[in-house]
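Next come two complexes, and both contain subunit A; in the first it sits with subunit B, in the second with subunit C.
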Partner chain A sequence: MEKARINANQLFAMIFLFEIGTAIVLPVGFASVQSVWMAILIALVFGIGLYLIYDYLYREYPNLPLSGYIKAILGKPIGWVVNLSLLLFLIHNDARVLRETSELLVTASYDMTPLIVISALMIVAVIYVLSKGVEVIARVAEIYFLIFLFLGLLGFIFILFSNIIEIKNLFPLLSKGWKPVFQAAFPRITMFPFGETISIATILPYLKKSVTGRKTGIFALIASGLILSFSHAIEICVLGPDIYARSTFPLFLMITRVNIADFVQRMDAFVILALIIGAFFKCAIHMYAAMSVAADMFHMEIRKMALPVGITILVASIMLASNWAQFLAMGKEVITSILIPIYGMYLPIFLVIVHLIRKRLFKKS
Partner chain B sequence: MKAKRVMLYLLILGIMISLTGCWNGRELTKLAFVLAMGIDRSPKTNEYKVSFQVVIPGSVATGITGGGGTTTPVVIYTGKGNTLFSAIRNASKRVSRQLFFAHLQLVVIGEELAKQGIQDLFDFFERSKEPRLTTLVLVARGSEAKPIISTLTSLEKIPANSVSGKIKMSSTLLSENFGIEIYDVLRGLVNEGEPIINGVKLTGDPDKGMEKSNVEKTRSAAEVIIQGMAIFKNGKLKGWLDNGEARGTTWILNKMKSTIVELDCKKKKNSIGVEIIRSSTELHVEVKNGEPLFHIHIKEEGNLSEVQCPIDLSNVTVIGDLEKDWEIKTKSEVMSAVKAAQKEKSDFLGFGDAVKRADPKLWEKIKTDWSGIFATSKVDVKVDAYIRRAGMRLKPYMSEQKQKEKRQ
Partner chain C sequence: MGIPFGGYPMSFFRNESKKNKKQSHDQNENTDLRKSGNIPLYSDLNANLDKIKSELGNSSDLIIRHFELGSFQAQAAAVFVDTLIDNKLVDEFILGSLMINTAQESHNNIEADKSVFDFIKDNARTIREVQVVTSWNELIMSVFSGDTVILIDGWAQGISGSTRGGEFRSITESSSQVVIRGPKDGFTESISTNISLVRRRIKSPNLWLEHMKIGDVTQTDIGIMYIKGIVNDKLVKEVKDRLQAIEIDAILESGYIEDLIQDETFTPFPTMLNTERPDSVAGNLLEGRVAIFIDGTPFVLVAPTTFFSYFQSVEDYYQRFDIGFAIRLLRYLAFFISLLGPSIYIAAITFHQEMIPTALLISLAAQRDGVPFPAFVEAVMMEITFEILREAGVRMPRAIGQAVSIVGALVLGQAAVQAGIISAAMVIVVAITGIASFAVPVFNLAISVRLLRFLIMVFAASTGFYGIAIIMIMIIGHLCSLRSFGVPYMAPFAPFNLPDQDDAILHFPLWARLTRPHLTGKKNNKRMKNHLAPTPGPEEK
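Up next, the complex of A and B:
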């Protein structure tokens, strides 16, 4: 733990940008193309449920980060092992965020730039910010929250006035019933992006007033969930379900259709900016979580972990997969169906159960 | 210590200056801006023959001297290849700059190629990041694509601008066509229906059209005109819609912006012009005994724009009669479009998608023999027409009385 304090607004901005991050640019639709916006709303409910678990643990141990209460609940030796695997997971997950962002940037605009150059530039910025501590990233989030909203609003206005939103593309809703919607909502969308909120658990203890954590977090999740749902619905309206489902980067494709009076067009830079801002915070918060766990395990100062963890993430992001198809397949089969459920859902639930049992035993003695 | 710090700043400054810019910076002067692309298939080798209309920057730049160089404003390059992309790369033997597609405005498909099928043509436009989904698509009517994009035009220096301007104007003023972009064609190909693409025709002498002299006369030797819309079946060109059929299609697809409808005045045929100022169409699907029944409901508003016969336009019943005539006329054009579609069994009217939206379960049952069902399905057209105004005069200058007197 470093000596730092963040306020509720900053936490809100961080959670918001973290959730929106890369989820807004990727096609999260999966099986339920036209009903993806409903699937996101359903997933939001599960996401809030998960957050309440993290919040409960935080309230029970208000001064300990994630790794701290893992050790407190499971005991030092087991806690250390769990922390180690958690660290690996966080690094792996962050490497995926970095790889994803770089791949999209290369696909959409920097076609001849080597992947590692883009990844390195991003991670250097993240390492720099995080080496200044959690307060700095919180303040940056506060500023960029406004910029992000401004970008989003302007982009939406452009699309609205281009007259390319066709509501009928959203129909037939539920053409195959509720089943595929629920399947997409749980576990897929619940895990990505909502399950990843576990990283926020390492930031919660810096909150000035611990009571504000629950309300702020839930509000941030609702705000980001509604915006995600809305923007994916608009993407389908603009692109049609088929192109939406086939594209690697639907948000970008949507903005290329903007054309107001043959004058306002080619607004691609908006989406690239939004992607870089969102990915920056997602990458930074995951990395901070990894740094926090690592620092706790090896008894180091958190800020000094920025460079080693950052470099590890960079190298891991390059080694993750040899092509985009493999990357996506891993995401589908391993990450959202095994890894994030384990660390984002089962581990916290297990912690709560063990904690409650210990509490009861402790009381009796 | 101070010297060290100064050195550090200088170093940072030096690195910053040398590191800015792009990885693969492409200067403006090294790019050839492609504004129109013509795609044909060469019959012998079965390769794609792709022509590019490249703008010559010096000759279109307008300066104090009034601009215009001695060269033509554009130049045409051609490349061949088994895929579009290889044709583009093969063209580099002929072009001294890199072909750049971000400003591509038109894609013209040769008629022969369109007949062979356009299903596989559009992957390049989707996958590559340079061309946009908003690029207009056309089918060359009765010719290859190359002569169409090679013809010089007056009024607009760049032929691609001329063609896109014509599409825009004719779709807003006449509505016998509407802007069809790569996006629309893709949607047509992947959806339950078929695409529909604007036709473009070259009249006059194609060889003279390539010469600069084509724009040095008041009447051009060769002209490029927008004519008709191409209909497809399984991605292959099957026929053309013209005039009423084309306008009916515009109506059904709710793309009607403005047009002139001619009505009869007593015995004088087509002597009253109504200008549409607003029109909207709704397509409803009703399922009867497991078969879809289509209801097309059109609401249109218009003004009288020309009356070449003596009628009293201040009379409400006269206007009412005209409205009724107009409804009948609209209905017949819409039905002619439906019949044209049903004849070719080509559902470019989006009926299949409408069924899918309205009753997905029914759609699952009938989708395999949809083209047969479509060809025989019943369509019911309802039109509400409103004539709002009669322009700057009420009665025409020739009243019935006066006309009689003068004739005697």
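Up next, the complex of A and C:
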């Protein structure tokens, strides 16, 4: 643990940017195209549920990070092994975020630039900021939260005035009934982006007043969930369900349609900027979680873990898959349906159960 | 300007290190006097004078005047440094009060059995401040501060009268921070003048001033000024602690102090404000900051500062608030243009041609048709040329200023385009960037922008807007990691503080800026009474 303190505003900004992160630019929940915005709202409820579990563990162990209470609950030897696998998961997941962003950037406008250059630049920025400590990333989040809101508002106004929103694209609602909506909501959207909130559990113990954690977190989740749902609904309105379902980068496609009086057009930079900001925070917070776990396991200073963990993530992101198709296939099969549920949901629930059992046994004896 | 390096052991070359050893040895001998300087004076006048002469190496501006004290029949001598004193004061002190008056009044005193020493001390009426010096240390210090020391035969004590004076620049308008509306007086090189300029503005007993001397050789006067009750006491203590920790041979300018007490050295961004304007210092003191006055320079340091305080000009507060607000926004815009101007041009022309309107793109392509270099090389060339021109413009003698501007404008601007070395659009971009950087009101920050601009250009040339976005994240991360005397540099945005938003990027009317900025404490932060907003008076019937 570092000697640092963050306040509720900063936590809010971090969770918000983390959730919005890449989820706003990527298509989520393929199964239910027109109803995707509903699926996001349903997933939000599950997401809040997950957050309450993390918050419960945090309240029980307010001074320990994620890896700390894993050791406290499961005992040192088992805890160490669980932490190791958690570390690998966090690095893997972060490598995926990095790869995904770089691939999107390469497809969107850097088709001549090697992937590794894009990834390396991003990881350099992440390493630099994280090596300054959690307080700095929290403050950067506060500033970028304002910038992000400004970008979002401006983008929305442009789309509104371009007269390209067609509400009829949202209908028929629930064309195949509620079932596909729920299937999309759980586990897929619940896991990505909400299940990844487990990384925030390593940041919670820095909070100045631990009671603010629950309220702030839930507000941040609701705010980000609503904005996600809204923006995906707008994307469907503008692009139509077919194009939306097929594109890899729907937000980008949408913004290219902006045209006000033949003067305000080609606003791609807005979306690219939003993607970079979102990806940066997603990458940084995942990496901070990985650094925190690694530092706890190897008894090192957290800040000094930035370089080794960062470089590992960079190399892993390049070696993950040999091309985009393979990467996507792996993502669908492995990440959202196996890995994130294990670490984002089953592990915390398991921890709560063990903790409760131990508490009861302890009381009796 | 001679910057003393003698005391530092430099071992780049063997020969030099020997020389330096000798030098530092010499210096030790000089400073010996100060260290063992608490030895008392002799009681024999001639012995004292001989020692003074030998200690000061018979400096030619050291004046020793012998005289006899009227009816006391005592030999005395006045010791002073000719170049540091006010001639009129010394004449009055020695001639008026000691030579003539003693002759008239001494009779009564001899009868009253008063000693000659006390007599002089009590009767030096023409002098504001009289002190008794007993040791060599005190004697030397007061002589070199511009005092006149009277030594009397038979007394192991001296009387030091404050006769400080000499030539100073008079108060003129500050040349580095000019305003259209507002007071025109600027600080000078004399610390006492500077302090008086601020004191005249804040007539409060709570305006406290603390004094210290820094610099083993220069013994520079430093004044720490703050308003008790508004300032946070921890901040004052922190400033004093940092100043007291300084052990250096010389302080020649406020930059020395700034370098030694700032929070972070490896940053292009300034964490202490320097100003030549007394109204700016007064305003900052009233917001709970600390001012550090340094003798010998018109620049006064103010701490703590935040990033946003570098965009505040004193004139914002003297103008109508809406105008002030608009102009402040313009300054932020200028800051971003000067930081990102060439980078955005490079990124757009190299990577994101699709973002440029077609008509403009065709025109740009036509201009760049004969240009042999990529946009990045072009931009770096022009930026460096511009920086050289600017630097030359600052340092060169005024008389040849016109030559440089002709060469700069015609040869490097127009001719370079006509010769096909650079494109006309690039000249425009560089010119706008250059002018925008002058709109940043604090010169410190403008310099840091000049540096960072080149770094951002490299990123823009390698990966376009993505590179710019990444380097901006890193710069903002860097800014967020900075502190100025415990205050986060990006306050009030990170950490966010709602009451302080009234005067950061936004600028509220005076009656709406109710509280002082939240710096390190929340003490006494109410600035004025509520509801001072002007309303129209009762209607006439």
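As a working rule, the second predicted complex is superposed on the first by the 364 of 365 C-alpha atoms of A that agree within 3 Å, B and C clash if a C-alpha of one lies under 4 Å from a C-alpha of the other, contacts with A are read in each partner's own complex, and residues count from 1 in each chain.
One rule holds in what follows: a contact is a pair of C-beta atoms (placed from the backbone, for glycine too) under 8 Å apart; a residue touches a chain by one contact, two chains touch by 3 or more.
Not measured: the values here are computed from a predicted model.
When the two structures are aligned on the shared chain, A:Val352 is found in touch with neither subunit B nor subunit C. In the superposed model, A:Met1 makes contact with neither subunit B nor subunit C. Once the two structures are overlaid, the count of subunit A residues touched is higher for C than for its counterpart among subunit B and subunit C.
Legend: residue contacts after superposition of the two complexes on their common chain; A:Ala321 is shown touching neither subunit B nor subunit C. In the superposition on chain A, contact of A:Phe171 is made with subunit B only, not with subunit C. Shared-chain residue A:Asn259: touches subunit B; no touch with subunit C. Shared-chain residue A:Asp242: touches subunit B; no touch with subunit C.
Once the two complexes are laid over each other on the shared chain, residue contacts for A:Tyr128 go to subunit C alone; subunit B is not touched.
Looking at the shared chain after the overlay, A:Thr113 reaches both subunit B and subunit C. Overlap of the subunit B and subunit C interfaces on subunit A: residues 109-110, 113, 117, 266. By the touch criterion given at the top, residues 351-352, 354-355, 459, 462-467, 469-471, 473-474, 476-478, 480-481, 488, 490, 493-496 of subunit C touch subunit A in their complex. By the touch rule above, subunit B contacts subunit A in their complex via residues 22-24, 102, 126, 129, 132-134, 183, 186-187, 190-191, 356-358, 360. Against subunit B, the residues of subunit A that register as touching in their complex are 107-114, 117, 168, 171-172, 175-176, 240, 242-243, 253, 256-257, 259, 265-266.
Chain contact summary for the complex, subunit A toward subunit C: residues 7, 9-10, 105, 109-110, 113, 117-118, 121-122, 124-125, 128-129, 132-133, 136-140, 142-144, 146, 266, 268-269, 272-273, 276-277, 280.
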